[in-house]
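Given below, in the form of C-alpha cells, are the structures.
Shared between the two complexes below is subunit A, which has subunit B as its partner in the first and subunit C in the second.
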Partner chain A sequence: MQVYSFYIFDRHTECIYSKSWFTPPPPASSSLTSPSTSRPQSQQPAPHASSVTSPPVASLVVAPPSAAALKRSKQKKDDDAKLIFGTVFSLRNMVRKLGGEDDAFIAYRTGQYKLHYYETPTNLRFALLTEPGALSMRNVLHQIYINLWVEYVVKNPLSPVEHKGGEGVRNEMFEMGLDKFIRGLM
Partner chain B sequence: MSANKAARVGEEIWKGRIDKVNAELVTLTYGTIVAQLCKDFEADYVEVNKQLDRMGYNIGLRLIEDYLAKSNTMRRCSNFRETADMIAKVGFKIFLNITPTVTNWTSDSKQFSLVFEENPLADFVELPDDGRAQDELWYSNIFCGVLRGALEMVQMQVEAHFISDVLRGNDTTEMRVSLIRYIDDELPPEDD
Partner chain C sequence: MGVLALIVINKAGGLIYNRTFGDGLNQLNTNDYLVLAGTFHGVHAITARLDPRKGLTNAQFQQQQAAANGGVAIPSRPEPSSGLEVLESENFRLQCFNTLTGTKFLLFTDTMQANVDVAMRKVYDLYSDYVMKNPFYQLEMPIRCESFDRKLNSYIREVNNSR
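Presenting the complex of A and B:
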C-alpha cells in the first residue's frame, strides 16, 4: 500500500504538522488544488501528481526547479493543507448534520487517492492520504494519536501546550516514530 | 455511558493499562509543593489557592490527552451528567485510584458536587495552626484547576471550587463544579 502524506490540524484549525512520503519530481509537488481555488470541492477527483501511474497527471511536469519554484512549492504545500482542512471540516460538519451529532466522517475517495480522517474529542484532527484502494486507516490514525502524539508531544515537558506554527511537534522521537510506523504499513 | 458501566471501565483500565507509582511519593511531593508555596507567598493562602489552581490548569490541559488515550474515548459525552460520571469513575480512578461520589445536582443539570471519601493528596496532612489556614487554605485546590483545564480542552468551560474539606474540620471534602458553557468549534479563517 502506498501512503502519500499526513497532516495534523490543531483545535485552532492551524496545520501544525505535515509530512509527505512520496517525493515527485521537484516542480510537480503533490497538489490537491482544483482549477477553481475558491472553495474545496470534496467530491471532485482532484488531480494528484503523486500518482506516477497516471499519464495525464505526470504530463503536468513542465518548469525546471528554481528558487522561485521552491518558494511556490512551499506556498503550494501551505495551500494544500488549507484546502484539506477546509474540505474535511466541511465534510465533518455535513456528516454531523445529516447523520446526527454522533456520526463521524471517516474517509473519502477519488480516482487518485483516499483521504482518511480522524478527530479526537480535543478537536485535534488527523488526515492521511493513501492510494485509493487502501483499507480503513481509522485505527492507524488512532494509534498515531495515542502512541506517538500523546507519548512524544503531549508528555514532552519541553513542548508547549499550544503548537503555534508547529512548535514542539517536530521532535525527533515523534518524527522517527511516525516514519517507522508509516513505512511499516507500506 | 451509564454510571455503572463507567465504573467498570475505570476499574478495568486501572488494573490493566496504568503504570503505578508509590502513593506516598505523590502525597509527599504534593505536600512539599503546597508547603513551599505557603512559604513563598508568606502564608497568603488566597494566593496559594490561586497558584495551586493555576498549576492544576496547566496539568489538566495535557492530562486530558492522556485520559483520552488511556480510556480509548472516541466520542464526546452526550450530556454534563455523563461527563460528571466519567470524571469521577474513570478520570479520578485511573490517575489516583479513587472514585469521588457525584451528588447534589442542581435541577438544570449544570452543577454537581464531587465528594471525596478519600484523598491521597491529604494523607498525613495537618494545616498550619496559625488561625487562618483553617479558614483560607484549600489544600487540594490543584484538583479544581485540573478539571478546569481538562474540560476546557474538550469544549466545556467550567468553574470549580472546594466548599468543604475534612482538613478544616468539616465532615466531608466536597468540590462544586459548574458548567458555564460549551465552547464552539473554532472556524478556519476566511480566505482573502
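Presenting the complex of A and C:
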C-alpha cells in the first residue's frame, strides 16, 4: 500500500504538522524521451527561454534547488494543507448535519487517492492520504494519536500547549516514530 | 434501510432534485439542502485538485507506465482527476456519480448497502428516460416530472425490500 502524505491540524485550524512520503520520480533523462528534448543546452543554436533563468553553465553541474524554487514548493505545500483542511472541515460539517451530532466523517475516496480522517474530542484533526484501494486507516490514525502524539508531544515537558507554527510537534522522537510507523504500513 | 436519499446537483452547483426514502438521515429544510448542494459542489472541485500525484509531468507518467507494463511504453495520458466518488461516515455512505456534462447524482445509503453502483446506474437510466426525454423539462432547472418520481420510488422500494 502506498501512503502519500499526512497532516495534523490544531483547533485553531492551523496546519501544525505535514509530511509527504511521495516523491515524484526524477525528471526523465533516458531514451524514452525524444532526442530533441534531451539534447544538451550548450548545443542549442539560440538562447532558449528556459536558459534565461538558468545560465547554461549551471545546467551542466548538478545545482541545488534555488531559493525561489524552494519557496515555491513550500508555498504549494501550505496551499495544499489549507485546501485539505477546508475539504475535511466542510465534509465533517455536512456529515454531522445529515447523520446527527454523534456521526463522524471517516474517509472519502476519489479515483486517484483516498483521504482518511480522525478527529479527537479536543478538535485535533488528523488526515492521511493513501492510494485509493487502501482499507480503513481509522485505527492507524488512532494509534498515531495514542502512541505518538500523546507519548511524544503531550507528555514532553518542554512542549508548549499550543503548537503555533508546528512548535513542539517537530521533535525527533515524534518524527522518527511516525516515519517508522508509516513505513511499516507500506 | 438500504437507500436513504437521492440528491441531484446541476453543473452550476444548484440543487435540482432532492428526495428521501427512509428516516436514516436527519430531515433538513429546503434552505439547508441548497447550502449542502453548493458546498458539495465546491468540495468536489477541490478534491479533484488535491491529487497527490498530479505533480507528475506527462513524460514522467509515461515512464512510470512503462515500468508498470514491464518496460513496454504504451502511449496513454493520465486519467483526469475524478473528484470525490465515495464518502464514508459512521452512519451512512455517500456515493457520487459525476456525469460527463457535470451533473452530480448523490446517493445516500446505509453503510452495509452493497451494489450501489448498480442502483446508481439505474437511477441515471431513469433520469435519462423520464427527465431528459420529457419535452417540458428545462435544462438545469429543478426536476418536476411525475413519472420520474413514480419510477424512482418503485425502484428504490424494490431495492430496499430485497434485503
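Convention: the second predicted complex is superposed on the first by the 143 of 186 C-alpha atoms of A that agree within 3 Å, B and C clash if a C-alpha of one lies under 4 Å from a C-alpha of the other, contacts with A are read in each partner's own complex, and residues count from 1 in each chain.
Assume a residue touches a chain if its C-beta (ideal position, glycine included) is under 8 Å from a C-beta of that chain, and two chains touch if they have at least 3 such contacts.
Remember, predicted model here, so these are calculated numbers, not experimental data.
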Does the subunit A-based superposition show subunit B and subunit C clashing or fitting?
fit
Would you sort A:Asp80 into first (subunit B), second (subunit C), both or neither based on which partner it touches?
second
Once the structures are superposed on A, label A:Ala69 by its partner contacts, choosing first (subunit B), second (subunit C), both or neither.
neither
For A:Pro121, decide between first (touching subunit B), second (touching subunit C), both and neither.
first
After lining up the shared chain so the two structures overlap, which partner does A:Lys155 touch, if you call subunit B first and subunit C second: first, second, both or neither?
first
Quick one: name whichever of subunit B and subunit C touches more residues of subunit A.
C
For A:Val95, decide between first (touching subunit B), second (touching subunit C), both and neither.
second
Where does A:Leu185 make contact in the superposed view: on subunit B (first), on subunit C (second), on both, or on neither?
neither
Just subunit B (first), just subunit C (second), both, or neither: which does A:Gln112 touch?
second
Between subunit B and subunit C, report the minimum C-alpha distance in the superposition, expressed in whole angstrom.
12
Contacts on subunit A seen with subunit B and repeated with subunit C across the two complexes
86, 102, 104
In their shared complex, at which residues does subunit A touch subunit B?
11-13, 38, 82, 85-86, 89, 102, 104, 120-123, 142, 145-146, 149-150, 154-155, 161
Counting only contacts in the complex, subunit C reaches subunit A at residues 25-26, 28, 32, 36, 39-40, 42-43, 46-57, 59-60, 62-64, 66, 73, 79, 81-92, 108
Tell me, which parts of subunit A touch subunit C in their complex?
4-5, 20, 22, 24-25, 27-28, 30, 32-33, 37, 80, 83-84, 86-87, 90-91, 94-95, 97-100, 102-113, 115, 129, 136
Which residues of subunit B touch subunit A in their complex?
58, 61-62, 64-66, 68-69, 72-76, 78, 153-155, 185-189, 191
